[in-house]
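In the part that follows, the structures are each spelled out as structure tokens.
One chain, subunit A, links the two complexes that follow: it is found with subunit B in the first and with subunit C in the second.
Moving on, here comes the complex of A and B:
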């Protein structure tokens, strides 16, 4: 089987939500979309960004889980919480550096992107990458991504002093070796803005 | 990992293992004491069931050992401590006990939280759980010599039940009560088999379950339960339908299936039976969190979780050597998940912008 990897390029996202719809088709969480699609600064920009699970080598979500309910497959995919164990505490939701896990209040359980394990475990592409029209989410070989993109893929992240390595790559400018996350403050926060019942941007933001 | 870290880790593992072994031995000794006292100095102990009692002692050691190791994990330890602290808070205790009773009925008796996941999963789990609990409630006290039955000295038609050597009831051997008592394990076996077949049906048809299930974790427990039930029902069939044909062999076969399951109990999926009640503590933790101060995201200024949980997480992260302190002195834990996601895209943006400023943009 040809080795394919997942590459994410936020700057290519056009906000079409095809990934959101397709994600709900995944058999391991049928009907529930696990992908996040964020509007970055709705008032000033049309920028959007998708977020899938980055599948950390040493997942912080699993480390902080009191029930030891989050496991990684031998091929490096971090799975949704084990149903018999998850106690719905949301430690994983709050600790994930990428803000990925979702707490499903109706079933009192954490669920997350599992890279469409029903598909990727048998050599198919994940749903979101299959339908993404702009290449923001791409599942292909390293050679192909290097041949077709201007940036380079990296999978090392720094959150303060914490270094995280992920199975999923992000596209960054050439010569960048890792992504150093500093807190980029927004100009206007929803909380700081005066309330305006007709502000459509704010409604969409929420 | 440097040499000092390795030594610290080795010391921590050594101390955790010693502690867990101590708890395991204590649980085993306590159970031996319980068997000795409960069977009135082994007077009521049935030697034919000694292999079951022996396997249960091993299971007790394994369960206590694993439970202790589980509690040594920093997040588990903190939740355990906080759960009890909140539950026993003076002024809340009465309300908490009432709430505990309520969630016990909902989560344990009716298992509503599983029903919300899927009706088929709930059907399988409810029959498996209550079938196993019924069987356990009979076989453990029987094999420990805590309960035993005798015929009335003056009449072979009357059966008497004893608990810890104290007579607790009697019934005629041709009554409905007798039928229920003599066939309770068969009823339990049928309940478990309904659960096993429903679970196998679901696991054989649900593509999602098929993708993530593993033989050792998900199918092995069902196979073991199936083996116990079928060999147990064979004993009844041998007695009533086949004039005791191969009864000795079948009883040994049944004993082997039960012993293997008891030995497997602490290590496999069945451990969740003992782990799961922790969920009750989390319920109180969440409630206290909702009522207390809320954490405000340092980026967007909105409330996103309880302050107590965020402070506890920082403690847990420190114990796990997760270093989320940012260069500007703030803490990444104080950023809400939504802002974390937005921040990732903006960080990538900034990298490309920096390249443009240098005049190397594409």
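Moving on, here comes the complex of A and C:
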């Protein structure tokens, strides 16, 4: 069994794309990156966010697959589609709340991040978490992350009424217990922050 | 000649830059690797440990090296993709000779070397020794940097040698010598993590030194506060406790203003100052007038920010102060650094765990190259070239008469100006692409056109090499071996991973062979870089940067050794200034008062906007290597002009419009990138691209009088909306200077 867990800390991300570039160097899918970097809104901020597969406990991508081509390992890793089964229908691509699976037209198959199963199953860290220069992506034990970080790891997401639990954790401020997609920016943070927190011109006016 | 032999599009067609996208054997090749070689990244001063995968003498990929303590497997995209420069279609594998109207034709090594040597002899015979100059680089090993310095002084006997570290570390180095008496970061990076406050000025750490980010974030997870001073909100500034969007050139306002408040509120260490420093009273008197209000005017930021910075930094128990080119690339670059060093010194927080000072080296061997003799004013071991004792000692090591060693020569910009003025007639360069990297690029191009003879050692035909009469194909970092000295002062070992392709030679062999043909073979009879290192050790013996106790084996066994390391049983010196002992003969640090003064070219009615330049994460320096790697160009394809929406609105520009950015010296046409993360009075253009996309078309040839670093970080421009250019350069691929 894999002893470590995967933690994402968006506040650490510097947008360098080392994760994306390194993913494309992994032996099982060399030349194609399975992950991507989101640039949130470059006009307003330099905030970026790496997006790996979150490895849902009850993966919707697998549920909607008509060919039963997406399997979960005993470790909880949701794998890429199985080649003889995948029919390239892209149900998984459209259903994933994180935008992770990608249909690869050249091989007529869905491929996605499998948390570097080839590496993690032999005691290595996933490639992206090994190279990440900011620690935004970290593969370590729960005990170690709690010892070394100020934020707390959560793995519960609310998409409207839908609750999703993931194998991958995200680091959030201590008072937060889950990530509520419906509440981000609207109620929790908007009141506490100036309207445009990263506008340099506004900073200079104060 | 050194004028272009044919049109740029023809040269690009023949020699690139083209993009390498697939490793040798293709992506699908799953054969076992022959070996995995532990070495280091060839790019920035962090010099991250990396393992390169080798199959049939070809580098086919990388693997993280998690046991190397500095970066623990972490890498930035440049390091991950650096192996794509190997087996590259643009790679030079034969000496080339310029043929007017045709471009370049291959010639044999013998003919090429003969031509170079006969031109050196002709030019030096006709115009004197100093009329043939050497431009060398800081992205090479210590061994090669040492060799180039010796080649200039012993084989050519020219005073005129300088290096591209002139664009990088000279302000920091000059300031550090003046204040601390030693030119090196004071601490190992592990001290960053133990600091309670981290003060970063003019350093886009996330993009230019990405690995350092993790050190800072680890400190913050311990509860450390982060203060970032930069005209742009860089990725590490986004989450800083305090971000000060300083006006370019206004840094002294922040530093002197902080010290003013620290003195007023008693946040200085009187005991430390009295015991370990001199000159504090002068500084205290100078900063007296830097009230928050006055400082705010100088810095172009609200006074409250400067007060807050002092409140965070002043009373801290431990702190770490770091700077890079943002405060150094100024006509007052040395003074900017000195003002920042005064903060560290007045706080007494130096030379202890979690208490330190660092300059963030930009180039791969920015630290080591300047110690080994590539600078116009230094002999190996950081020795002053006009110091009689130093000259005598090095003359002994080199076995030459002391009087045969030339004196101080011209630094890089005056050297190019002397070429332009017709005083320097011949040039040999290595590891330097001045057409892209020097300020006022049109002047540099003109100057090269006036050379009677120019030869360039390089692995790719850089934009500067395009001007050469003879090009000698050299080696990539991974095709040779040696050592570099990283940002911390840690000397590390670069291993030979593969041999150079047939037709190319290791750089050191080329230089030694030129020396032999110049009649100085007995002084350059090395069997390899290890022997050069052994001589370098002796040359540095007893100096401030003493490598004498290091061997390649010791360096490997210890994952690097920090200088000074005077004896073979010495553990090296990760942390300087312990017990308050500094590098000056009196053992004390020297406070030096500095006053703010305006930059050479301030904005005015005709050119109302400030231009500042810098780097992006996926490119390195002049792009000779990184503009040939597909994945890195895909990440950021071409330069852009960052501007605030307020300025964009005034100019009638929207995001992605084509804009012309124009100074008194030249212009570029690039896409506008409208972002709120930059000061409204400033625009930013990254400088890695050539020709019509070169930010240095606009920058000013103004120098710091002490360090002679150019003022890249501020000049005056006007910006206007324009149409997409359609000339032949614009039609080139983006990595070659085209625009999409």
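In this text, the second predicted complex is superposed on the first by the 180 of 206 C-alpha atoms of A that agree within 3 Å, B and C clash if a C-alpha of one lies under 4 Å from a C-alpha of the other, contacts with A are read in each partner's own complex, and residues count from 1 in each chain.
The rule is short, and it goes like this: a residue touches a chain if its C-beta (ideal position, glycine included) is under 8 Å from a C-beta of that chain, and two chains touch if they have at least 3 such contacts.
What you see is a predicted model; the values in this text were computed from it and never measured.
Contacts of A:134 after superposition: subunit C is touched, whereas subunit B is not reached. By the touch criterion defined above, A:150 reaches both subunit B and subunit C.
Contacts of A:87 after superposition on the shared chain: subunit B is touched, whereas subunit C is not. Residue contacts after overlaying the shared chain place A:105 against neither subunit B nor subunit C.
Judged by the touch definition given at the top, the superposed model places A:22 against subunit C, while subunit B stays out of reach.
When the two complexes are overlaid on their common chain A, residue A:43 makes contact with subunit C while staying clear of subunit B. Touch criterion not met for A:2: it reaches neither subunit B nor subunit C. Partner contacting the larger number of subunit A residues, of subunit B and subunit C: B.
Residues 11, 13, 27, 30, 47, 150 of subunit A lie at the contact with subunit B in one complex and at the contact with subunit C in the other.
Residues of subunit B that touch subunit A in their complex: 70, 73, 75-76, 78-80, 113, 116-117, 121, 206-208, 210-212, 269, 272, 275-276, 278-279, 282, 285-286, 298-302, 305, 309-310, 313, 316-317, 320, 322-328, 330-333, 335-352, 354-355, 362.
Here subunit A touches subunit B in the complex through residues 9-11, 13, 26-30, 36, 38, 40, 47, 49, 51, 60, 63-68, 79, 83-85, 87-91, 93-100, 106-109, 114, 117-118, 121, 150, 159-162, 170-173, 176, 179-186, 189-192, going by the rule given at the top. The touching residues of subunit A, when paired with subunit C in their complex, are 11-18, 20-22, 24-25, 27, 30-31, 42-48, 125, 127, 130-135, 148-150, 196, 198-201, 203-206.
Residues 22-23, 27-28, 30, 61-62, 64, 66, 71, 73-77, 79-81, 206-207, 210-211, 213-214, 217-218, 220-221, 223, 232-239, 243, 245, 300-302, 304, 617-618, 631, 635, 644-646, 655, 673-680 of subunit C touch subunit A in their complex.
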